[in-house]
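Next come two complexes, and both contain chain A; in the first it sits with chain B, in the second with chain C.
Then we have the complex of A and B:
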């Protein structure tokens, strides 16, 4: 029998989460949200080398979070938002599962207490 | 063992532990709160060490199945089980969205009386997990706002901009 989740992600969320878990990579994504950029431009605000930025970009590419042109010389990187939206949606769903369940439990407990207080109804 | 990433959730309920305990251990009560916005069905709930809880959640024509195998049952105080996603035959399966999500999560629920209220703590820890499973769980839990902090807000901002 097929097991189905609440949402249907476009990418493998495992890879998306491990890509997003790094602060430098999240900062790169923030920069790319303002428009495409080449490795050199991306490296400027960080105190790390271009090869290090390239490595981060590869991780982001593998996770489907970034696309790069193959034939253009600068190979600018571009943000792909969908996998990120899926990851955020998954996290919200996880959080909502418990907070929503516990809200329902609050109501149930109130009902039960009221029922206990009026046993001879 | 303390190195394992853990998801911790604290909540205080306005009822004594004896009553809160009932809502975690009586099927007809569990069905009324477990799973927001879904139809919750307890297929089996045998709350004792070695007993099992088989649960189905239905929404929009879909079903999600999970099982819990109890390893520790201390009434009104502590409930421990191994939690897993399953197929419709209650056989443990991988999470379809996250193949590296831990197959087994050790779940510990503790209840402490605080006046006539109950302080409840729920923790999830990967159990007998592979390195990949632990890494996946850790990355996802970091995103729950504990590790990423402002990072999560940033992602939400980016998404809003892109959608707007």
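Then we have the complex of A and C:
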């Protein structure tokens, strides 16, 4: 679904959610929230190779969640959290459903219905 | 990463983000936010087959985002938005980064540093 050379908001949500669907990539983002880091530093806490970390970084870069400094030798990676805002904006549309507001509305409507059906005394 | 018979929070985030990484599945969730629907109704607005919709529903079910009524013949699907709350909770940890608060803090610290370095007149 991703289109090259043209950022389609939906296609970017695909890439963002897909990038977030891996625990190592989420851990890398959490690590980068404390400051930029090179591949070697990122590989240390995980029992995976540097090439594997580089692969994860590429996925994160394609989603726009990470950028790397091409001018510096260690090519440190840096967090770009902005695409997360789009992901949250999409999820927020459903907030009434997960916060239970709609359930409470259902209960209220059910109560009103019962009250109407019950003959007045 | 998904473990059968044991809901590991991290494994569930994997499944939730992965389920959300597809535009058809996101559209199905948006449709279900207006009320339950059977596979046939869900397939109508998309130019894809009912078996393809069923496959997407299975992915959404595994992530806990949808449940289906096994007792009724049409097996209508229903939105279960709760796992979205976990996804948002994870993303919220990064809010300061995407809302620019940390950038502003950086600017403030930079200003303070410059002020200290400038000799008093």
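Convention: the second predicted complex is superposed on the first by the 88 of 121 C-alpha atoms of A that agree within 3 Å, B and C clash if a C-alpha of one lies under 4 Å from a C-alpha of the other, contacts with A are read in each partner's own complex, and residues count from 1 in each chain.
Definition applied: a residue touches a chain if its C-beta (ideal position, glycine included) is under 8 Å from a C-beta of that chain, and two chains touch if they have at least 3 such contacts.
The structure presented is a predicted model; accordingly, all values stated were derived computationally and were not measured.
**Q** One more residue to check, A:12. First (chain B), second (chain C), both or neither?
**A** First partner only.
**Q** Looking at chain A, which partner touches more of its residues: chain C or chain B?
**A** B
**Q** Would you sort A:112 into first (chain B), second (chain C), both or neither based on which partner it touches?
**A** Touch partner of A:112: chain B, not chain C.
**Q** Between chain B and chain C, whom does A:28 touch in the aligned arrangement: first, second, both, or neither?
**A** neither
**Q** If I apply the document's touch criterion, which positions on chain A are contacted by chain B in one structure and by chain C in the other?
**A** Dual-contact residues (chain A): 1, 13-14, 17-18, 20-21, 23, 26, 29-30, 33, 79, 81, 84-85, 87-88, 90-91, 94, 97-98.
**Q** Which residues, counting only chain C, touch chain A once they are in their complex?
**A** 1, 10, 13-18, 20-23, 26, 29-30, 33, 79, 81-82, 84-85, 87-88, 90-94, 97-99
**Q** Sort out for me which residues of chain B touch chain A in the complex.
**A** Touching chain A: residues 9, 11, 13-15, 19-20, 22-23, 29, 32-37, 59, 62-65, 85-89, 93, 95-101, 122, 132, 135-136, 138-140, 142-144, 147-148, 151-152, 154-156, 158-159, 161-163 of chain B.
**Q** Mind pulling up the chain A residues that touch chain B in the complex?
**A** 1, 3-7, 9, 12-14, 17-18, 20-21, 23, 26, 29-30, 33, 79, 81, 84-85, 87-88, 90-91, 94-98, 100-110, 112-113, 116
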